[in-house]
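Please find the structures below.
Look for chain A in each of the two complexes below; its partner is chain B in the first and chain C in the second.
What follows is the complex of A and B.
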């Protein structure tokens, strides 16, 4: 059997080469594309920062995707290997260690129909009731595994139906997920409205999960449904985008097994014209954790994702204290103004100057007792839990962020970026501990780039964070020199305000990029903290050692 | 087993020798309208530059600013069309329109909210840029952005627009 398979593969290879040899051959044998990445770290014990060594000396996360496509058919798989999993990725009890093909799929599309079998990712609306996605740098992959059908009923009317189980490391979670989503783009449906300056989209989703469990105390629902409705209205430069979601009672580890239904509302409004963008957003969430296993926790088996509306900070110091949605109850609001001061004005200079101001705030919601004997917190398992009024705002502050940024190009050679950030971070709520209190942090950042004639450049960053709480104040300096295809970086992050010991976290590294391939090598220390991408976070332990990353797209 | 791996590599290598097509994936434009990738890459026989970015990604913004400053000259000389694909998820996807307008970017921007196009193009991290020739075939790609990389990008666009080999 193996021999026949090998022979078949060889013939296939030869066949393709012979096709290549013919000039102007129509490419009817399909194409294979893919990518590869490996991240390896060699760990060195360093008691001064709390970094540990590992028995394996070195840990490696790797994966490769292969996609074959030929006209209306495509199929692919992802080979993954964690030998063993890098520290700080979800890997409780070694559950993520191993090698295998956890992701494989085939898809067929013809005219208005698209059918996917196997693994896939999907998002309904803003993700309030269903979002399946992967974020490799966080170790998150809640891929669905099952069947999905997408059908365009009419121009502007799209339907999606799916039934699937969810990836749980190398296995599946216990629940079955059934989902349906429909969107109607009014201006597409009616040809007469195609050029209208008023645009209207509406959509709705229904998601149901099934998980049977014989609980000794409670009569848990086998089926839990969630639904949402959304609308987008755009008139000229104005835009409103809103979604409301409701979830039937879903006792789970997240909500301490209470029988209260959940709700979420998200409203985004914006105004945009050339040189100016204004965004106002608000959201309200109550008891909206939704997983395909009611006993799951952390980043496991989430069916939905409740997006943050706070700014996603990328500079190192403001990213120390990132916000994460509190699915058990939160209110949030954001206002953002982005403006380009025009060219050839006093403040705009020759190239124009970009300024932005961003403010966001998050609070708890008002919860009241269901009766005198039942406390609101911790919620009493097996009861309704608590009462709350829709869109009520509590007194407890979870997070606040005021930030201001100026980007200016001084000449063809000099670019700069100045930022100021003031954060209030409710450490107890956001890290799930008690007795730490709020962190108040002022951060200033100066980021300068000098471009040389020969496409090389020198980039420097100075960041300073002033705070009396947590580990105290920090200062960070970074220098990066780059020339085509290469970069070299040196940085030091100095925790000079730490009352216990003033620690340096330095790092030195270089990288090479050639087309779709990138190789990076660095040596240094990393602070213990929280790393967040797209609103989801993981704890990163302190580390000291050599880090190598190789990635390639082909 | 080794033979199978060797043979499989042969097939993959042989197939990857072809210039690649852009996969058909649904995106949203900034008006909320669904569009297919196949319909947006047409540029009347001229090259198309596709750049994956996110509003929170500093090197991406630098790269797209550099493209925008040169766009008029590049268009005049080569007829190139630039398309930017936002990989922002629903945390920031609603801000992409206002963000792009405030920057004054002249090129078309599309939303790839759940990363469908990103995955189909095998993009790991942003920024990642692809160049399509006049027939819509992917002939060149570049990961990351280092200051000054736009010079190299333009050299390649010029060659492709003239039908010259890239190397």
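What follows is the complex of A and C.
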């Protein structure tokens, strides 16, 4: 296995590190870890839901990570294969199809120094100016490929510097990214404050991208920089985390080539004690799309990520209408209260009852004309664009979510979860189309689980969404039976309120989990929609077919 | 160790030092033409017996070559240069290009119209005020003044033609793209391309051309020479505000409907500046 691994390292162009690995194996065997996953779908045409078949009959996304670690040294690679890419994942013109090793890296650390070469992921602060990450569910991988140095200058003072290009499917984007980040943990730096109840961290980031200016019309900047400052204050049960970011002129496809700088502010506050948690968040974003290719679009080549503050619903029906971050301008706020009604009270019962109330809202920001003849929308290419006041809030509602959840354990055998969700979803803005209007949806969910004596459990879900817009109302029923190592699921999602066609989207499947391996097989239909994680979305096409997923870690 | 520290910090600061380029106005490269969708209306007062008028037609053709769909010309036959020699179609200059609107604006025979006594060729570029009449040699300069500015309104035309009753309908939607408090009017014309007939051209020998191609010829107006006021200056119109109007006229017997286009434009009633124009084929 070690020889195979050494061979892989050589293949990955990391000959020097494979030699190092070989040398180390003679003295110390080190450790190899990894994981593997393959998702395959057999597509069946189904005109009733708009599902198409594919010429290949079956499409498969697969990948496997191999990581070698030995004392201060580690190296690894990821072998990926998309033969061909599952429908709905970013793959314009087949750009994602293929097999290869797009991710390979080596890292060593010595004393206070850590050096990475090859591919790596990185996040500065909350990601407002730099977040390189992988999210297979969305088909996103904006890994950096270059050099990174991390250095602890002093206890509590950490510095990171990097220079890299960004992964673009099987190639690199045209831009070069240079970044620096520094964090200072005040309580670590000053020994006298180590035991203080007041904890204070400050940090700052600077990221610059270079892309040769080749626009036929506009004088574009070759180098575009963004910077941010952040602070984290914790005092006993209170926590405040805030970051402000500023981006210099960055005309791009995202902002229709306007020259206005961008800004973003994120504030998260929380209070937590036993049985009670309160979270208050707000963010304000103006013209903060930041990519290593000014002409890129969709989920390609993002340098930063603007975190969402709306709730990520895990139940199917409320997840029909997820919020998508609007980097060209948005204001959002969230308030969430989680409270556990104590045990042995009227409402708490024998085990206590968890209740949570969550409210989030997002608007546009106020934009005004720069003069009497330049429109704000569509953005006036080749101009400053528009004016806006910091933290201005526009009249247009993008999204609102009010949800209430009660989780209660009735006995050792019976658990339940009841939810109500009310969503207002600006379909035109969040899906980037016109003429659809807002969707107003009321959703109720009852989730009951009964545990049997033999460690098996029966879980049932009833979800109902009432709406007069989009495709109308839905009802979903799900039964899942699980026993150690196995689970069996059947559900039907019925679009009974659709004025055109009352469609059923049913699914049946089972899975097996053993050690680090999970195998799942299902057959069913999936509606067309969008999937969002962290405010980043991809379209999901309607499909009908057999789905197989195998994952394993070692 | 201190050298390693120095090297590491230097590298990290090096990343920091790679800064950015601040671009000041003008943002557009020198000498390039950027079009943001504003279409330029040209009134070309002309006549088939005007021997210098083909020079103005050439100017329009050169402008179309440069700006393509961004230029919308309307050839308005008027004055004594538009007179006809009779109704005998075997004789030169029998065909009557004149219209009520052309007579009103440019004059009929020796009787002057709204714009007074005109010396053809002459025209208006994106402004309908009397004092804005310009020789065709000045049109390119005038077009260049407007061409890179932004349209304050966007116009959508939905045409419809019925063979049964020869009715041409036009549903017009005017959308606001720049917040303003202007008083604006909407005018809708129908024009025809590729009419082959006589034209005098002093640059040709013989000067009477029997198969001259007349383009952009004004055929009629849906709502008169000055159109209809669709918004007063007493209220502010904001981004997204829309104004819709529907008009219809009967097709003339001599029009080839397949060559006809509907032209709609909005102008500021106080300044006469044409704010946006649009053109679409009838069918």
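Definition applied: the second predicted complex is superposed on the first by the 527 of 554 C-alpha atoms of A that agree within 3 Å, B and C clash if a C-alpha of one lies under 4 Å from a C-alpha of the other, contacts with A are read in each partner's own complex, and residues count from 1 in each chain.
Keep in mind that, in the parts below, a residue touches a chain if its C-beta (ideal position, glycine included) is under 8 Å from a C-beta of that chain, and two chains touch if they have at least 3 such contacts.
Keep in mind it's a predicted model, so treat the numbers as computed, not measured.
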{"item": "Clash or fit (per the criteria above) of chain B with chain C on chain A", "value": "fit"}
{"item": "In the superposition, chain B vs chain C on chain A residues touched", "value": "B"}
{"item": "Contacts of A:309 with chain B and chain C, given as first, second, both or neither", "value": "first"}
{"item": "Touching partner for A:65 - first (chain B), second (chain C), both, neither", "value": "first"}
{"item": "Touching partner for A:375 - first (chain B), second (chain C), both, neither", "value": "second"}
{"item": "First (chain B), second (chain C), both or neither touched by A:122", "value": "first"}
{"item": "Partner chain in contact with A:159 - chain B first, chain C second, else both or neither", "value": "second"}
{"item": "Superposition-derived minimum Cα distance between chain C and chain B (Å)", "value": "20"}
{"item": "Overlap of the chain B and chain C footprints on chain A, listed as residue numbers", "value": "none"}
{"item": "Contacting residues of chain A [partner chain C, same complex]", "value": "111, 113, 149, 151, 153, 159-163, 178-180, 206, 208, 210, 215-225, 248-249, 251, 259, 369, 372-378, 380-384"}
{"item": "Parts of chain B lying in touch with chain A, wherever the complex brings them together", "value": "1, 3-4, 7-8, 10-18, 20-21, 23-24, 31-34, 56-58, 62, 65, 69, 89-92, 94-95, 97-104, 113-116, 119-125, 128, 140-144, 146-149, 151-152"}
{"item": "Chain C residues touching chain A - in the complex, by the definition given at the top", "value": "1, 4-5, 8-9, 11-16, 18-23, 25-29, 32, 34, 36, 149-152, 177-180, 239"}
{"item": "Complex interface listing, chain A residues touching chain B", "value": "2, 5-6, 9-10, 12-13, 16-17, 20, 27, 29-35, 37, 65-69, 74, 109, 121-123, 126-127, 131, 133-134, 136, 158, 183, 185, 187-188, 199, 201, 232, 234, 239, 241, 268, 270-279, 281, 305, 307-309, 311-314, 336, 338-340, 351-352, 354, 356, 409, 415, 417, 447, 449, 451-452, 454-457, 459, 482-485, 487, 511, 513, 515-518, 534-535, 551, 553-554"}
